[in-house]
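You will see two complexes here that share subunit A, one where it goes with subunit B and one where it goes with subunit C.
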Partner chain A sequence: MLQVSNLKAAYGKIEALHGISFQVNRGEIVTLIGANGAGKSTTLKALMRLRPPESPVVTGGDITVDGVSLLDMAAHRVVADIGMTLAPEGRRIFGNLTVMENLQLASWSRREQDTDKAIRHIFDLFPRLAERARQRSDTLSGGEQQMLAIGRALMTQCAILLLDEPSMGLAPLIMYDMFRTLKKLNAEAGLTLIIVEQNAHLALQVADRGYVLDTGQIVAEGPAQELLHRPEIKAAYLGG
Partner chain B sequence: MEFFLQQCVNALQWGSFYALIALGYTLVYGVLRLINFAHGDVFMVGAYLAFFIATGFLAPEGAFGFSRELTLWLTIPLTMILTSLVGVTLERVAYRPLMRKGAHRLYVVITALMCGLILENGNLALLGASRRALPELLDKTVYQIGGVAVTNLKLWVIVAAVLVFCALHLIVTRTRMGMAMRAVSWDRFALPLMGIPLERVIVFTFVLGSAIAGLGGLLFAMSYPALDPYMGAMTGWKAFIAAVVGGIGEIRGAFVGGFLLAFVEIMVAAFLPSTFRDLFAFSTLLFILWLRPTGLFGRPLTSKI
Partner chain C sequence: MRRYTINMLLALAAVLLVLMAQTNLMDKYALQIVMLIGINCIFATSLNLVNGYMGEFSCGHAGFMCVGAYVGSLLSVAFFSDSALFGQALFGPEWALALFPLVLIGAMIAAAVAGLLVALPSFRTRDDYLAIITIAANYIVISIIENIDAIGGPRGFSGMKKTVNAMADSVNTLLDGFVGFLGFDFVVSDSDYAMSAAVVMLIWTLIGAFICVQVIRRLMTSTYGKSISAICQNEVAAEIMGINTNRAKIMAFMISSGLGGLAGVLYAHVYGYVNAQSFNLLKSTEGLVMVYLGGMGSLSGVLLAAVAFTLLVELLRFVIPWLNTTLHEVNLLPADYQLDQIWTWVIIPLMLILLMQFRPEGFLGNRELTHVFPGLKRWFTLK
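So, the complex of A and B:
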């Protein structure tokens, strides 16, 4: 479904991705792992067609979803028309809005107008958010903010959800809980997930397949279980 | 006492103009983190547009020859619409290309300053330096309330400023577009990820701010029928300072700041030699900023300009 072919991307004159290719099938969980600066976040931002200066400029290759190229699309169209969105690194929730407002705002481009029902669904998934619905969202704890970031992304009715470092700064229990919820969404609703993680061990346990990035290139790929047991990957990314 | 109350009414009217302009500054700043220094001149353009629309409709030998009442009711929306087009054009032609190229905000602010000068001098070149007067659109009625004389126009100006403020408050807090405006002011990176076209939110902000400035220009032209190309410069600067003192980015701040500045100005002019006016006004504002660097309603932010 999602096909990335020979993608090159740069920040100014500095090339950050040197022609990477990968593909993700509908209903799959795919993870991109790699060290700091390998180009994982850059890949996600390029996929979302976000603009500079925070995001790279695509200088070569192509990104297609079901054969449609995303290269000439603005980010909001990728969300509205393709049904793909990103829960960005650092969560980036709208702290000056309440939890409820964050969720309502994300329903901007929904075709189906039943926002209340969609919000109830999010509250079922993350009951903690329901308790805090009227609260300004910058008063939430880190874990709750991550739930809101995911809930907000789901409100766009996405079929493909990109997650950038979802486990960052979370307590282990909350982290496992969140991944369980994501896995459930994948199994029950067929949500396609692309997860970028520093915590490679965790990501590979959840994912079906994985790609390993190193300085802007894909250096290894395969089923997640197999990557977990490959000695060179164990040594480089999983801490021995 | 009566003299004081009379001055209060004058301050309310004068403050309404500052507030109407300051709201536009604060809206654009809130959404784009851009100080739109051309905004005072957009106010000037609004006054001139009102002049041309009103004289065009009124001219007895012209195509319309409308009554004064009808002219007023047509001039209000037309001035607001045309002025908002001017604001949107500035955004399209001057600011957006720079932002797209990822230029630092400082360059956009300088561009805004230049746009203001272009509007002033373009007007000067096109229409000459002669002052123009808006024809009277409203029969003057003077109400005596406990010895204080209030004209109907003064009342309308004050009512208009309050109504605009309330409407703006409702838009920003209750509508989805207002929610998006607040969201952009917090984090513009994440907005497109919600499927929201950022540029539409920005254009909407310029439409709102410029339309309000246009209304201010019309009311100003009705109150002080002496239009000149530089009328927006000083008034615009003062309104900008009023917005900063109120806490730029905060709608309440712009409103309160506008009235505060006018109050100080009018009272100094009333009780002291009028040459002291600006000195006192700005010293007061400096003192407020010294006490509260982010303004009366502002919250500290990591990056300004």
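So, the complex of A and C:
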């Protein structure tokens, strides 16, 4: 349903994506892996239609969801109308608000007012957040903050969730726990996930399909299990 | 019921102020200061909307005050008095009291539109770069007005006193009618109890300050207000939650500059004269000082700071000559050196330096009075 065709994006004069194409089907988990500077985060920011200066300008190609082009849409409409949102790199939670307030704020794009039920659902998924509900969110640990960032994204009732480096700075156990929760969301609620990861091994284990990016181009693609066993990818991204 | 007590108290205080001014318990000078406090409250709280709540750094707020002051003055002269500029009055002085709100609204709308000068660039720029744009906007406004000769150019513009006097006349005529209706044989307008023009402006200033505080308080407790806070925290995060950040920014900037314009039009009518240069960067800086003194994002803090700052500036008028005499008496100053009012603008920035050094969050930080003293919640809430 998400179709990216020949997408070119640039920061000022520097082109960061040189025409990449990929598609994501409904209910799939797709991962984009690659080295630093390959254009993974740039792709997500372009998909979300975030604006400069932090985000790139799309200079060519198209992004469509169910045939609707996103290029002329503002970020808030992508969230509200398309149902696609992002759990950004570095979490970007609202530090001086409590966990509860963060989640309440995130119900912005909902038209109906059943926020309590939705918040209970988030607390079921991440019981740690329920314990910390009244705590200021900048006092949370890194793992809890990442859970909050994902919980906040889910509060928008998204159908497609983009995750930018969700495992960054997390202890392995917490990381596996989180990916298990994501997998569960995918299996039970049919949530479509696009995961950008440095931890390629983990990402490929969770994902259905993967794309390998290198300096703004897609250099390899295929089912995750197959990519996991390809020798050249093993050598370049999985540490031998 | 208790929540209303604070409103009653405020209303009582306002009535008391007006009565004191009316019965000359408060002299002209004190009255002038009270009005200036009111205007500064509007000026500072409206700036706080952008600098405090939204977290952008606007240093050209006086520019919008200037737009409000000039547009309001022009409307006021065009509506209520015959002038060389507009010819015959559109409505005539007898309408001044009833239609003065139109002048205020016109000034606010004009200032809000001028706010677009900053709001539109803010879509793609922020922080230091936007701060430079706001300074530029301040200068653009002043330069444009200074170069329109028809409205006085650098000489300034006057004629608003006629409107204020006309309003005072109308009030006194109404009072005459009321007293006559009660059956007393007494003509207020000829007596010592006639309401002076200054008292009329005091009432308008109090109304303006009340409206401004209410607008900001209600805005910031609404969902739209929360979107402004979200932008302050993290713009990208706000966007991915589905907040239309452009709309929130336009709204914040336009409301802020519109209320700044309200401060301007009141200022113009209190003094009866406006000059573009009285709204330069120094005036904008005064606003910034009040906001930082009070605590960014704290409505009650900024109100306190506006009162304290205005009183402080006035206090220095007396303290500096006193210091001058005392220091000469104890021979601490060279006999031929006189300490003069210029030192006000050494002392106030110095206080700002000390404030930033020792209490960078201002009086209240981003909390309200009710957070610092929870007991006050029984009486009123600001957030």
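In this section, the second predicted complex is superposed on the first by the 238 of 240 C-alpha atoms of A that agree within 3 Å, B and C clash if a C-alpha of one lies under 4 Å from a C-alpha of the other, contacts with A are read in each partner's own complex, and residues count from 1 in each chain.
Quick note on the criterion: a residue touches a chain if its C-beta (ideal position, glycine included) is under 8 Å from a C-beta of that chain, and two chains touch if they have at least 3 such contacts.
Fair warning: this is a prediction, and the values are worked out from it, not measured in the lab.
Asks: So, on subunit A, is it clash or fit between subunit B and subunit C?
Replies: Taken together on subunit A, subunit C would clash with subunit B, as the superposition shows.
Asks: Determine, under the contact definition given at the top, whether A:54 touches first (subunit B), second (subunit C), both, or neither.
Replies: Touch partners of A:54: subunit B and subunit C.
Asks: Looking at the overlay, does A:99 come into contact with subunit B only (first), subunit C only (second), both, or neither?
Replies: The answer is neither, since A:99 touches no partner chain.
Asks: Tell me which partner A:156 touches in the superposition: subunit B (first), subunit C (second), both or neither.
Replies: So A:156 meets both subunit B and subunit C here.
Asks: Please state which segment of subunit C collides with subunit B in the superposed model; the candidates are 58-66, 184-192 or 328-336.
Replies: Given the superposition on chain A, subunit C and subunit B clash at 58-66.
Asks: Could you tell me which stretches of subunit A are touched by subunit B in one complex and by subunit C in the other?
Replies: Looking at subunit A, the two contact sets intersect at 48, 50-54, 74-76, 79-80, 85-86, 88, 92-97, 105-106, 108-109, 152-153, 155-156.
Asks: So in the complex, which bits of subunit A are touching subunit C?
Replies: Listed in rising order, the residues of subunit A that touch subunit C are 48, 50-55, 74-77, 79-80, 85-86, 88, 92-97, 105-106, 108-109, 152-153, 155-156.
Asks: In the complex, go through subunit C and note every residue touching subunit A.
Replies: 123-124, 223, 226-227, 230, 233-234, 236-237, 239-246, 366
Asks: Of all residues in subunit A, which touch subunit B in the complex?
Replies: 48, 50-54, 74-76, 79-80, 85-86, 88, 92-97, 101, 104-106, 108-109, 152-153, 155-156
Asks: For subunit B, which residues are in contact with subunit A within the complex?
Replies: 100, 102, 176, 179-180, 182-183, 185-187, 189-198
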